[in-house]
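In the part that follows, the structures are each spelled out as structure tokens.
Look for subunit A in each of the two complexes below; its partner is subunit B in the first and subunit C in the second.
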Partner chain A sequence: MLSSTGHPFIFLLPVLAIAIFWVMAKFEPKPVGVTKKSFFERNGTPVAIYLIVAVAFWSLFMIVLPQLFMVEMSFRPKLPPIEMGGPKDLYTFENYHYFIYGSTTSSDAINWVHIKAFFLTIFASLLVALFNFALCYPLAFYMAQVARPARVRFLLLLLIAPYWVNEILRAFAFRIIFSSGGLINKILLGMGWVDQPIDFIGNDIALYAGLGYAYMLMMIFSLYNAIETLDHAQIEAARDLGAPWWHIHAFIVIPFAKPGIASGCTLVFMLSAGSLAAPLVLGGPRSLWFTPILYDRFFQAFNWPQGAAYAFILLLACVSFVLLVLRLGRLSLGEIAK
Partner chain B sequence: MSSKTVMNVMLAFYMAIFFGFLFGPLIVMGVSAFNTSTYPQVYPIEGLTLSWFEKLLNDRDMVYGLKNSLWIGMWVVVVSVPLGLAAAMMMSQIYSKARSFYYVIVVSPVLTPGVIIGISTVVFWRDLTTATNSKFLYDGVFMAVLGQSSFISAYCMLMFMSRLNRFDRAQEEAGLDLGASQTQVFFHILLPFLRPAIFSSAVLAFLSSFENYNTTTFAILADKTLTTVLAGRVRQGTTPAISALAVLIIAVTVVGAIIYEIVKRREDRERQARLDAAHAAELRELESIEKATHHA
Partner chain C sequence: MTAAVEIDHLTVQFGLFTAVKDVSLQIRQGEFFSFLGPSGCGKTTILRAISGFQDPTQGVIRIGGQDMSGIGPNQRPTALIFQNLALFPLMTVSENIGYGLRVRGVPKADRDRKVDELLNLIALSDQGHKKIEELSGGQKQRVAIARALAVEPKVLLLDEPLSALDLKLRQHMRNELRAIQRRVGVTFIYITHDQGEALTMSDRIAVMNRGKIEQVGNGRDVYEHPQTSFVASFVGENNGFTGTITKISGDQAEIETSVGRLVGLNKKSLPVGTKATLFIRPEAMQFGAQGENNLSGTAADAAYEGMTTHLTMKAHDGSSIVATLTGAPAREFPSQGSSVSFAFATRDALILPA
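On to the complex of A and B.
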């Protein structure tokens, strides 16, 4: 199929969706006797126009259409600009084919480097999310249920403070600490625990620590907001009935805070899987993270359609992760994105 | 030892580790900015110096990037805050069967990796400006503002939604009954009510824009912002000048945070004072009514 047909079709999609909802609204049986004001009457004409224009511009031109264009591009071949839209511009799976099988000139049957990087990224992001949960849960519980309000306010200030510093600089701080001449290696060498500096950066330990650090705040806030709404009397009651402390957490607090835990883990997972700054700064020469590979598709291989395909693969992975969490936790999206 | 003290010792130990992890890296970086050694380090201190700060000010790329970042940040505030407000107001009014669909669409930028937002913005506008012969719009700063606003508007929307939840519809009714037009209600009742949310979302929008890297690195095209310059420098090699920049940013943001806190407290106090005054007036009124009934 010639890909010049793609763009008009993409523009048609949102128009179609809006039309369907509009028709549905028009033909919906109205309750008798109740006269509802129209959208324009309710808001006043100037405000109503502002609302429609702003929402339409944002949701169409900044969210939906760019995403659809990116997906469409991922099915195009890489062509010099003159041939774009010409007879050679046919839809193709070659960019996805490349992700799995690699280039035809390579000796391997399968593109292990990219596939491995992809699964490693997913797996490591999962671990980062779980590690963050384990690290942040006690503090979130303490702030939400034990500490006095003044102390909570102070702790919140302390927690937010490091996040005023930008992501690259935070990663840079980890690089200073973990490099072969860095603080940790100096301490280890000085204590005589090791006789060779440990290559934290080459082993990706610095990367995982940096990622965990970068997104701790999201986890803390999600957990804190969820646990805070738990009535303290429930914990007291369990304690009075003789429940050991870990029963209280396993059977009362954690089930209650499930939406918060799900949203914290989802956020941390997504942010780690999609993060670019930390892998660029903290990744060793042999590090395999998916986003830098994606980055190179654009800026080193200059193959935009292939980059778009890789971006879409990452997006699909993230969307499936969210759906999986929603399914496992029997939650709705509204409970997660707060 | 009783189990209570054991618990307290464990808590203190955990807190020490947690906040050590949180602040340790920043402190190390901060100290290395003042050390003379050319590799950023805290130990040994070879001598104290401010030369790294000087070097920073003479770095033309950094200064240019900083100006660009501030400019982009300002535009992101101008774009995202009104978009977020409109989207939040729309949420309660949209046709009920389309609501969850609408919600998924406007919340999705929060959950989409920043890299993908940057790529899709560039891909879309490159094709659109080519097709409509308006190539001048395909510009790094413009792309960065649009890319960043795409998800920052969603942050603003979430903030406005939580504020709007507490809006008392009776105020609007009262305004209308007293003869105000819908537009006047919007400007004289709703906007003043939303002022704290407008203020917070503007601050949040600016900061998110200023520190963003993932989206910006694609959207900025051949242009530069502070974070993209910084990323290039960090990849080339580590120098204490970068630590010096971190120290400056921390200093500026701490001052900013303090100002923000003071402004917020003053507003809280003013609101409290207004509430107290209203309460006192009500009491006086009640008293006078009581007196009047006694006399009668």
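On to the complex of A and C.
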């Protein structure tokens, strides 16, 4: 608890972090029998000190403290500033309790609105990740194994260029394309395939398409990097032994690219589940995405502890998903981080 | 009997570059046939055309009498062994060998029996469970062969599979490959730039240069009776002296070169005035004796290799001439710079068009 008695502690933290990294640099694990220069000899003392201090500050202030702060806050009650640190400021589970049992809009015993939004978000993000994989795999395979270098460069440019545009602008562009008077509906109506415009936004189709599009590059690059390292002779060998194309993909390419697939899917999943712009812009009136609810906890309800609890729940779900994927794929964290 | 593989006026072009020019060839059933040539001569392109990875620009390839046009590599009765072997690293040895059978939907029991049989053939009986990375270079080689043989191909194609091995293992694998080929009786088509490999293993060799076949014949044919200058200089070591034919008597001809007048066999019946090259093998060269043809110069180098010694002489025109002596030399090697002379018999020298 960062109350008045806790303040000196926060000044000790950077010192502690630096000390930890200093010790790690000093007693670097080395392979047996290899005589390697120490961390300080390799980099020179000034650079070594800079690296240790920079890494310590970065990991402390960018990663550890914000997360710790949010976790800590999620266990505190919502109080007016004057009462913070006072006798009522005690650790409590009420924010997590609210996620399951509380409600502001209905008299149900269980907070179905938020729980549904949470699981829908997780489920939809999963679908977005899988859909993205299905969409990106053929392209990544083409770029990594089939296309000539000049063609690959051209395709990469085509892939990257749209991302020069701001994410929110891109989301609005999707809203325009998918609106009832938008390009897609005009084409469908013009061709006579439908009698009246399809409500892409109300049915969340625009949202899923927008999310899929927003994080496509993550998937493409993860897959491309993995498939590119596959020796083309392996594909030819399988073909030569009589394998049909689907067999080569299912038993040669995909097992080889498994770490890339896992890292692409987990990235897209986590980014979709945590996405804010696309659900805000592309979400229909009835759509339930968890991040806007989370956002509202902070900035509409002004209930930061509750927002922190919601954010922590989402983080736990994402971390569990990554661990599950690793377990299912029999992969180590190091493999998908490559 | 129909040929195992018939190459009929095959031409392959890549853009403006012609990799294979109008090659026609018949490879017999059960033969160990090699394509020998320097890198870039088109031998790998021919192999890829036979296996189906390369479409011919012109011409037809028939396997067992059947036209292969439009038939993909996975439908052809061929199996290819890649230069880097291309074993599947995520599968065990047994899974690698059984892959082709699995693709064909062979039931597991039959597949296992066949895999065991092949493991036996390559003397890796109890290693089927191992991962590919746990094998030595020679073992990987044998697994690649077993994997290719598992699908019972009519023709086994080998693309310089020994080039990654060290010398000792390479020589051992030559014998092993030959033995396996004899045992299974499958037609082997072997690609190599190493003439030692081609000569020791092959029933017949096609020597290739710049997309064309220079000569087809067995090892002795191409070594002892080369038909072109390229074959004479590419297969084995050779001393070549280029000049103009000045006199013809019977099957012999005299040629005026920068190291003097030399006489050799004129099997091609080249007329007087033709530009030609006289070839004489280093091992046919005599050191320190006088003979029908004599060359003199200064000793430049003596490379002692135990069983043989290569003596290099610098001729008066600056060219290097090599003589290979076998066994213990009768006398001391000449010191560098001292005057030496080589001699050779007319019947050992061949005159071919330059």
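The definition used in the following text is that the second predicted complex is superposed on the first by the 289 of 338 C-alpha atoms of A that agree within 3 Å, B and C clash if a C-alpha of one lies under 4 Å from a C-alpha of the other, contacts with A are read in each partner's own complex, and residues count from 1 in each chain.
Following the convention adopted for this analysis, contacts are C-beta pairs under 8 Å (C-beta built on N, C-alpha and C of every residue); 3 or more make two chains touch, one makes a residue touch a chain.
A quick note: this is a predicted structure, and the numbers were derived from the prediction, not measured.
When the two complexes are overlaid on subunit A, subunit B and subunit C sit side by side with no clash. Once the two complexes are overlaid on the shared chain, A:25 sits against subunit B while remaining clear of subunit C. When both complexes are overlaid on chain A, the residue A:79 reaches neither subunit B nor subunit C.
After the superposition on chain A, the angle subunit B-subunit A-subunit C between C-alpha centres rounds to 70°, nearest 10. In the superposed model, A:231 lies in contact with subunit C only, and not with subunit B. Looking at the shared chain after the overlay, A:198 reaches neither subunit B nor subunit C. Once the two complexes are laid over each other on the shared chain, residue contacts for A:135 go to subunit B alone; subunit C is not touched. Ranking subunit B and subunit C by residues of subunit A touched puts B first. In the overlay built on the shared chain, the residue A:252 is in contact with subunit C alone; subunit B does not reach it. In the superposed model, A:274 lies in contact with subunit B only, and not with subunit C. For the overlaid pair of complexes, the smallest distance between C-alpha atoms of subunit B and those of subunit C rounds to 7 Å. Taken in their complex, subunit A has these residues touching subunit C: 231, 233-234, 236-244, 247, 252, 255-256.
Subunit B contributes residues 11, 14-15, 18-19, 21-26, 28-29, 32, 39-43, 82-83, 85-87, 89-90, 93, 95, 97-98, 100-117, 119-121, 123-125, 127, 131, 146, 149-150, 153, 158, 181-183, 185-186, 207, 210-211, 213-214, 217-218, 227, 230-231, 234-235, 238, 242-243, 245-246, 249-250, 253-254, 256-257 to its touches with subunit A in the complex. If you check the complex, the residues on subunit C that touch subunit A are 51-53, 72-75, 78-80, 82-84, 86-90, 99-100, 103-104, 147-148, 151.
Subunit A meets subunit B in the complex at residues 7, 17, 21, 24-25, 39, 41-47, 50-51, 54-55, 57-59, 61-67, 69-70, 73, 135, 138-139, 142, 157-162, 164-177, 179, 181-183, 186, 213, 216, 266-267, 270-271, 273-277, 280-281, 291, 294-295, 298, 304, 307-308, 311, 314-315, 318, 322, 333-334, 337-338.
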